[in-house]
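One chain, chain A, links the two complexes that follow: it is found with chain B in the first and with chain C in the second.
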Partner chain A sequence: MVWTGLTALLSHWRMRPVQLAMLLLGLSLATALWSAVQAINGEARASYDRAAAILGQDRLAQLVREDGARIDQQVFVRLRRAGWLVSPVIEGEMRFGDVRLRVLGIDPLTLPPQAQQVDIAAGDQLLPFITAPGVLYAAPETAARLTEQATPPVRVAEGLPPGTVLTDIGQAQVLLGAKDKISRLLLWPDQPIGRAPLKLIAPGLTLREPSETGDLARLTDSFHLNLTAFGFLAFAVGLFIVHSAIGLAFEQRRPVFRTLRALGLPARVLVLLLIAELLIFALLAGLVGVALGYIVASALLPDVAATLRGLYGADVPGTLSIRPAVWAAGLAIAVIGTLVAAAQSLWRLWHLPLLAAAQPRAWARASERALRAQGVAAMVLLLTAAGIAQFGSGLEAGFALLAALLLGAALALPLVLTGILHLGGRLARGPLAEWFWADTRQQLPGLSFALMALLLALAANVGVSTMVSSFRLTFIGWLDQRLSSELYVTARTEAEATAIHDWLAQRSDAVLPIWSIEGRVAGQPAAIYGVADHATYRDNWPILSAVPEVWDRIATGEGALINEQLARRQGLGLGDQITLPGGWRASIVGVYADYGNPIGQVIIGIDTLVQHYPDVSRLRYAIRIAPGKAEALARGLRAEFGLPAQNVIDQAGIKVFSLKVFERTFNVTAALNVLTLGVAGLAMFASLMTLSGMRLPQLAPVWAMGLTRRHLAWLELSRGLLLAALTMLAAVPVGIALAFVLLAVVNVEAFGWRLPMHLFPGDWARLAALALLAAGLAAAVPAWRLARLSPSDLLKVFAHER
Partner chain B sequence: MSVRALLIYMCLAAPAFGQGFAGLGTEADGFSVPQPGTAFNFPADHGPHPGYRIEWWYLTANLQAADGTDYGVQWTLFRSALAPVERSGWSSPQLWMGHAGLTTQAHQFVAERLARGGIGQAGVTAAPFAAWIDNWQMAGRALPEADALSALDLRAAGQAFSYELALDAKGPLVPQGVQGYSVKSEKGQASYYYSQPFYHVIGTLTLPAGAIAVSGQAWLDHEWSSQPLAEDQTGWDWFSLHFDSGEKMMGFRLRGGGAGFTSATWIGADGRPQPQAPGALRVTPLETAAVAGRSVPIRWRVQLPEKGVDVTTRALNPEAWMDTRFPYWEGPIRFEGTHAGRGYLEMTGYE
Partner chain C sequence: MLLRLHQIDKFYSTGEGPLHVLHGIDLSLEAGKSLALTGESGSGKSTLLHLVAGLDSPDAGEIHLGGTNIVGLNDTALAALRRGTVGLVFQQFNLIPSLDVAANLAFQARLAGRPDPAWLKVLAERLGLAKVLTRYPEQLSSGQQQRVAIGRTLAARPRLVLADEPTGNLDEATGDAVLDLILSLVTETGAALLMVTHSNRLANRLNAHVHLQAGRLV
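Moving on to the complex of A and B:
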């Protein structure tokens, strides 16, 4: 009986393979997008964890200089000889050919066990490790990138972050040109008794507590939350498809259910059978989805990795490793999603009156009752969104606001459309037009989930593209202001820097130092720059707010400028005091825009910088010269000092690079956007296809009254287009609201900058055309089938006993 | 006492460093090898010999508090060369390891340190004498005309203990073996080896319970070599005995290959050494105890018939376990029988 029941239930899908395909496709796509985003995030997070855990930094306290500068090696020896168990580390960036790497130098003998990254001296490798030319340990991917370059011998070590090589401290000092210097000291957790006080032995060093997450994980958090939100949106859109497909299938199978029950199959067994059926589908689609997700993630990961590197300096591998947990979670979410999407239908089936007739119209009327409940839910959600916008704060609140707004708008859509269709019906003249409006309204419940999915996808598209375009416009303007010097040069040594400065003095209009130190301001990593008192800054710097005569006050060393993100994160404003590395304080005289930079930045006068941080590295200069002479000067500069090409960059070069970083940042967003739109289009298609089969009883009487099949097909097509157009119209205001939330709430929380919003109606027109095309295609197939329908099929409607 | 060479090899070969260094066999690849008939050249020979693979300055002290409670202190600096040269800076192939131990009746305190040569974190200088690793040091304060090792200040600290001791030698340096050429096996492995067993010690031990003033006697060994042990030798038992009569005795047994290889030096109260023939010393374990999951002898019968010695030793703390990278037993002992006194016992290779 059970077996017969199951085969009877499954036979439905044999009859309607397209519907089955749609169900499976929707579920697979939803799972695919969700797992892809999770896989990307998982990959990135794993590499942050590796970076945070490198040399045990997540578990070991460290001693660092307050201004972030390097420490004399003798300080290490002094500390050891005073009883402190510390181990020196030197860290720096360098280039092997065209591969840029972070070099980490360690002392394997004093390294705390918690910091043991690779088994340095496995076998007899200690001697080659500590003596020239040394050995570089690198992750397999990094090692592969180094095969073409001239480097010391490279050995592969799993577990190192990408883009990082580990070597002996002595070799690292040579490679980085930092003889007898170290970057920081790792502190053993257990220290012996009777140590001399730290202040006495190593004044100027501060203790930094171990950090589990690391700065990278914190900085990139917002980026990943963004991705997750998109993944979730895509999944939600997919579930709408699943829900409508399952709902329709249940509705179509009411006679079967009734017959099975009448034959004596208990309701419990029937429900269990249906759940089993759904589980089979969910697992099948989940597996396909997870596999698809892997492909999507692999395709997107290089862009994500490039973005994270450009924007945050975070090294994430460009290839995906298989993480069983991520994929198991993808499968689980497919199953859970299916069950959630089917819950309503199962509930109804449980309460199915044995003798109730299977009338689509009855279903539609029941849906009207549901519509009212849906309207209430939409109102509540939209009010919640308004409440969060008013009183909420933080990134989570921003996303909660987005979720409430989108879901509320989606739930309100059928209500709004019903209203419009009523209005249309009232304005309609003639029986055909009235029938058209009424019939469209009648179809709405069956299509509403697909339309809601379409609304979500369209609104997300409008919102995100408005945000990205606004950002691009502002960013380009800002780049012009910020990069006002014609050339930028980086010397290799301080002596060369002095020589370059002198050489340039007679050949250019101005040579402006770009010197900076890194340290912590208000507990977060920040860069402190010194600027010369020059018109370059006075005329161009993208100041957002400032006190009068701000540049005079910077020049006299009275004040400091801070970037917008620092101001917002710490709640700092004009006139506030900040404590800078080394413990001195400055008053804030201005705030400037600093897009694309995740960390805080402070600008002070160049003299003030040198006075407080005499060890600042003095290698970079900006050069002002008439734009026409810039190229010749760059050539001369390279020739005179034998500088590598990348050490002399012109303004255009930096702009191109910055824009590239910018574009890549939003590549992923754009890709997800398109995919989401695709899923929504599929939802439309699936719904129209399934509906078309059920609609014959409604169309047959109209046909019998003399309307041609051709005419009917055209009407069907226009109905699809009309609904899509109305949905697109509704999506525009929702999208603008979304863009506003992204720009004014999420971006401010995530990146620390607020951008003005610009509207791009041209983009909307393009999107509308795309949406209509998708809807037209989705409606065309059922319409075409209708036009070809054999009259006998239509006649059967009357013969068939209903 | 070049048997301790095995210790340093095995220590440095322990997990933190992987599986040991190159050429640990019979070949000395490029390293110097001790030759018989070479006279010591002091004070230069108090300092390091980078051309030899291994070297150590090894001090053990039997101490008593005012109330008569016994304590033992160990201070050791090992040098291990990856290559027979010295270079300045991080590229120095000379590695240093320090062991400090403090034994009470109930507790064994242990600490260990590692360092690279060339940067100043650890090293040894001959005159004025100084041996150090981190803040542990053995610093000479001898008058210019006296031997550089005749007066030392010693200190070390671990997580829960520290000590500071002043040592003054009341006798001369004692070459071991034949004029300082100490043979370690029948196959002829040997080391350069001399001792200063005549220190009087005063100082302070700091324990979790507080500081304790102590006094007593100490024994310093300085030994260096390049190929210290025969391949079939698996461990050793080493004794340094201070007889109440003022005489001293150093003796060891290298286990493996049958009865093992024993060697001893009798040291008169005036410091004159009388090297004993191989096999003249007999040592017999009488009682074992479970220490750190191994069975380790803690009572021994030590016989040197030539000098009428037949004594039984007893450990102050049977659990004097040095829980370092390569663990071993090292602690103070008392002995009675034909002679009485205090001393130190080291045992390695018990599994």
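Moving on to the complex of A and C:
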């Protein structure tokens, strides 16, 4: 009985291969986009875990300075003498040619076994490691990037995170220009009893417990949450196709259900058979979807990796590994998604009288009831969104707001369209126009899910492109303010830096130091910069809020400027006091925009910086000169000091580079947007193709009454275009609301900066054209088939045997 | 002569080769007259009706309607013919589900550019539809739906009414009543009626009666 029933049910799909293909394609694409995001996130997280686990940080406690500043090497000596089993580590960023890397210096003789990343003691490797010029150990992909650069000898070591080189602490101190300095001390797990207390020997140090999550994982959380949200949006759009295809298939098969029930198949068995059928499809499409997801992820990962490197300094390999968890999650989401998409149809099948005939108006009227319920749900969701906007806080609340807003808008769409179509019908003159509007309204239940998918995709497109374009506009303006100096030079040694400074003093309008130290401010990693008292800053710096005479107060060392993200994250404002590395305090006299920087930043006067941090690295300078003379000066600088090209960069070069990083940051978002729009276009196509088969009984009488097939086909095409155009119109306000939430809530929570919103109607017009093109293409195939339909096929509608 | 068919042949292609559905049919019908076309299932009755309506074209022969040979007319001309000259009543009613009864009734007349509210009112009264004008087709009984279909056809005042088993889906009493209405309204409008039916009883109520057997008039 079960097999016979299943055969009868499956035979439906044999008769409708296109509908089956659309169902499977919708589910595959939905799973693919979701899996792609999961694969990317999985790869990145695995990389962060490797970084977090380096030198046993996830298992060993460490001693660090509370303010994050470097520790004198003497402290290490004192601790060892007092019986503490500790091992020094220094780390920092440095540039080898055009490759920027994290340098990790260790002492192989005192390193705890748990922190052994590379077997340096094996064979004759120890001596070259600890003696000049030293050895750099690096992961294969990092080693490959270093082949063209002038570095100490490089050896490949598996297991090191990408973008990191491991070397002896002495070599690292030289490379990083931090003589006799260390960053932290690793504690052996077993310490001698009775050793002198830490407070006594090293009062500035504090114990940091082992942590499984590194700073990178925390910093990049918001980025991955953004990706996940987009993956979920794409998945939801795909599910609309699945829901639509399943709903139509259930409606088409109602006579079969009736017959099967009449022949003695219990309702429960029928529902179970349908679930079995859906599970077969879900697993099949899930497998294809995850495989497709890997292809999409492979294509997107290089850009994601570049973004993470540019934005967070996080190195993620550009290649994917196959993770069983991603396959399992992909199949699970496909199955869950299918069952969610089919739930309504299964519920209706369970409850609706099976003897009810499959009539379009009956279906439409049943949908009218559903429409009312949908309207209530939409209202509740939109009110929830308003409530979260008013009272919610945090990134999760931001995404909950987005979800409620988008879902509420999508659910409200059929209601809005019904209203517009009613109005259109009232205003229509002539029988054809009246029929067109009424018939379009009747088609709405069959198309509503595809249109909701289209609305989501279009709104996401409008919202995200508004956000990105607003960001770009603000970012470009900000770059112009921030990069006001004509040239930027980086010396290789402090002696060279002094010589360069003296040389430039005669040949430029101003030489402005760009000196900074790293540390912790208000518990967050931060950089502290010193600035000269110069008009460059007074005239250009992108200040958001400040006390009067702010630059005078900076110059006299009375206060500090902080970046917007530090202010927002820590709730700091003008007049508040902050404790800076070294324990001294400064009053906040201004807050400035600092887009694209994940960490906090503090600006103080250059004299104050040197006074508090005499060991600050003094290698970089900004040069002011008439723009026309900049190129000649750069050439002269390179020639005079033999500086590599990348050590003297002009303003335009930095801007180009910054904009490139910016564009790459949003490449992934743009790609997901386009893919989501593609999925929505497919949803339209799938629905229109499926509906076209069901439309003949409604179209044939109109044809018989004197309309040509071509005329009908044009009307069908116009119907698709009209619905797409109306959906686009509805998508614009939803997209603007989405952009507002992204700019005013999500960005602030995720990155710590708030951007002004700019509107770009030209972009909307382009998107509308694209949507109409997609809808036109989706409607063209069924319309073309109608135009080419032979009269005998139309006549079958009138045949008695039907 | 309003309608004249001359040596009409029609083939359908099937998996087993071409099927000869109509063999050299000759037929004529004057304005104001009614003609019943009977025959077994598959004898070609509906095919013949569809050819006359310009819904399909014959493989040989001529169909003269109001003096014009409609065979070979293009799609647009055939569509114009269906709008303005002929009116079709189907067994399945084939109303437009998205329009209410009033809009369905007026649809073809408006499509033909001959809207006549006074005549529509008369038709609605005569057909007993005056109280259901705002309902949708699915909310009507079969008899009511068929009366709407008849009203829709006659509202346009076609010169030739083609009815394909118009009472086939109705019980005998309703069917008789519907046929009475068709005949009286056709007479009043001066149109000709060509009706396909299985029933000899109903066929005998028309002015003339021809029988099709295996695609030939007998």
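Criterion: the second predicted complex is superposed on the first by the 701 of 802 C-alpha atoms of A that agree within 3 Å, B and C clash if a C-alpha of one lies under 4 Å from a C-alpha of the other, contacts with A are read in each partner's own complex, and residues count from 1 in each chain.
Simple rule for what comes next: contacts are C-beta pairs under 8 Å (C-beta built on N, C-alpha and C of every residue); 3 or more make two chains touch, one makes a residue touch a chain.
As the structure is a computational prediction, the values presented were derived from the model and not from experiment.
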Touch test for A:L383: chain B only (first), chain C only (second), both, or neither? neither
Can A:R80 be said to touch chain B (first), chain C (second), both, or neither? first
After superposition on the shared chain, which partner residues are touched by A:M705: those of chain B (first), chain C (second), both, or neither? second
On the A-aligned overlay, A:A652 touches which partner chain: chain B = first, chain C = second, or both, or neither? neither
A:Q191 in the overlay: touching chain B, chain C, both, or neither? Say first, second, both or neither. first
Looking at A:L432 after the superposition, I want to know if it touches chain B, chain C, both of them or none. Which is it: first, second, both, neither? second
Taking the complex as given, what residues does chain A use to touch chain C? 359-362, 430-432, 434-435, 438-439, 441-442, 697-698, 700-711, 791-792, 794-795, 797-802
The answer for chain B against chain A in the complex is residues 16-22, 82-83, 89-91, 93, 95, 111, 114-116, 119-121, 132, 134-135, 157-162, 206
Enumerate the contact residues on chain C facing chain A in the complex. 12, 41, 46, 50, 53, 55-57, 75-76, 78-84, 88, 90-92, 94-99, 103, 106-108, 110-112, 136-138, 164-165, 168
Would you mind writing out the residues of chain A in touch with chain B in their complex? 73-74, 76-77, 80-83, 85, 107-110, 113, 116, 119-127, 130-132, 168-171, 173, 180, 190-195
